Amino acid sequence: MEQRRFGTAARCGMTDITGDVEQYLHARAADGIQDGFVCIYSPHTTCAVTINEGFDPDVQRDISTFLSKLVPENSGFRHSEGNSDAHVKVSLIGASCLVPVIGGRTALGQWQRVFLCEFDGPRTRTLYFSFIRAE
Amino acid sequence: MEQRRFGTAARCGMTDITGDVEQYLHARAADGIQDGFVCIYSPHTTCAVTINEGFDPDVQRDISTFLSKLVPENSGFRHSEGNSDAHVKVSLIGASCLVPVIGGRTALGQWQRVFLCEFDGPRTRTLYFSFIRAE
Amino acid sequence: MEQRRFGTAARCGMTDITGDVEQYLHARAADGIQDGFVCIYSPHTTCAVTINEGFDPDVQRDISTFLSKLVPENSGFRHSEGNSDAHVKVSLIGASCLVPVIGGRTALGQWQRVFLCEFDGPRTRTLYFSFIRAE
């Protein structure tokens, strides 16, 4: 599994990592990769990964802002680090996602992009990239 | 990856697509498929896929109705298309799901069915079906 | 796919099943498993699986308690069994998760553990464990 690092800029926000998925596939051109999924996995417990609209940056802001309202930082949590909201959001969004690959290239929908969802930044994050074959 | 199309009937609702997963596996009977997962992937950013109870149609209605209350259409979103609620729901539910296959047949739990979750319909939707081998 | 059973102790709560994932991999040491994912799949419609922090038990309690507030048991649901809140939570959290494996061993992040999320217990639950190869 290849590890790639990403810097995040704020406590909460979404970082478009689609270019990295494309670079990853490009770098593996000699490996005979055809159809399947790039699995993006977050080994962190306060950031997640998702696929959503990447055309209008307002969508990313709307998602981040809404999640912050849905899971307020101060919800009477017991965990002493004060970031339980981030942990809740990670379980809602998920620690991994599957990016479709056809003929060795990403086969995302027209408006889809892949995002790292930061819920307790800013930090440097590491994601695992690997390829799962599909038939 | 095989593409299958589905028509949805309302702005929000769940469509049972389990029959299509079974048909897909049946059509691939000659491919030596035994154990693994059918991955159902949505290339859209306003519809998702999930696995949940399919016996009592009230469950689907309860899930759809609750999600509409949880993420109201009018939540002060900035995105000008007015469907940011749908984008939020897609990241909460997920763009893909894995349907278990044992001996070439779906191995869902007794009450489980596979659903397309429409959040900005009615529309014609395309889902990608593929098989991932497991050991 | 291997089936493993787990007893849950309350209506809602999280059970750490990471030890079972490690045991599963250990038992398969002769199968040449190197890199990929253990897929944990729940065939139930009122319990889910997730990956989150396992160091401070307060995090698990915070997640469970917050989800119970987010999706109240009594939300005007129609489903007569009275457990629609559990069904909603399953679609929010997900019926399966992927646990990374490198060199035949779990490669979770430093604070990550794998959890069964019970939403309508106490019950005996069965989860499917299988290995998906990645390249």
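We just call them A, B and C in the order they show up, numbering each chain from 1.
One rule holds for everything that comes next: a contact is a pair of C-beta atoms (placed from the backbone, for glycine too) under 8 Å apart; a residue touches a chain by one contact, two chains touch by 3 or more.
Keep in mind the model is a prediction, meaning the values are calculated, not measured.
Q: Quick one: do these chains touch in a line, a ring, a star, all-to-all (complete), or other?
A: Shape = complete; every chain linked to every other.
Q: At the chain A/chain C interface, shared numbers over all numbers used: above half (same) or below half (different)?
A: Here the answer is different, because the shared fraction of interface numbers falls below one half.
Q: Determine the centre-to-centre distance between chain A and chain C, using the mean Cα coordinates as centres, and give it in whole Å.
A: 20
Q: Find every residue in chain B that makes contact with two or more other chains and list them.
A: Touching at least two other chains: 70, 92, 94, 132-133.
Q: Can you name the residues of chain B that touch chain C in the complex?
A: On the chain B side, the touching residues are 35-37, 50-53, 56, 58-59, 61-63, 66-67, 69-70, 92-94, 97-98, 100, 102, 107-112, 117, 132-135.
Q: Quick one: in the complex, what on chain B touches chain A?
A: Per the touch definition, chain B meets chain A at residues 1, 31, 33, 39, 41-45, 70-71, 75, 77-81, 84, 87-88, 90-92, 94-96, 128, 130-133.
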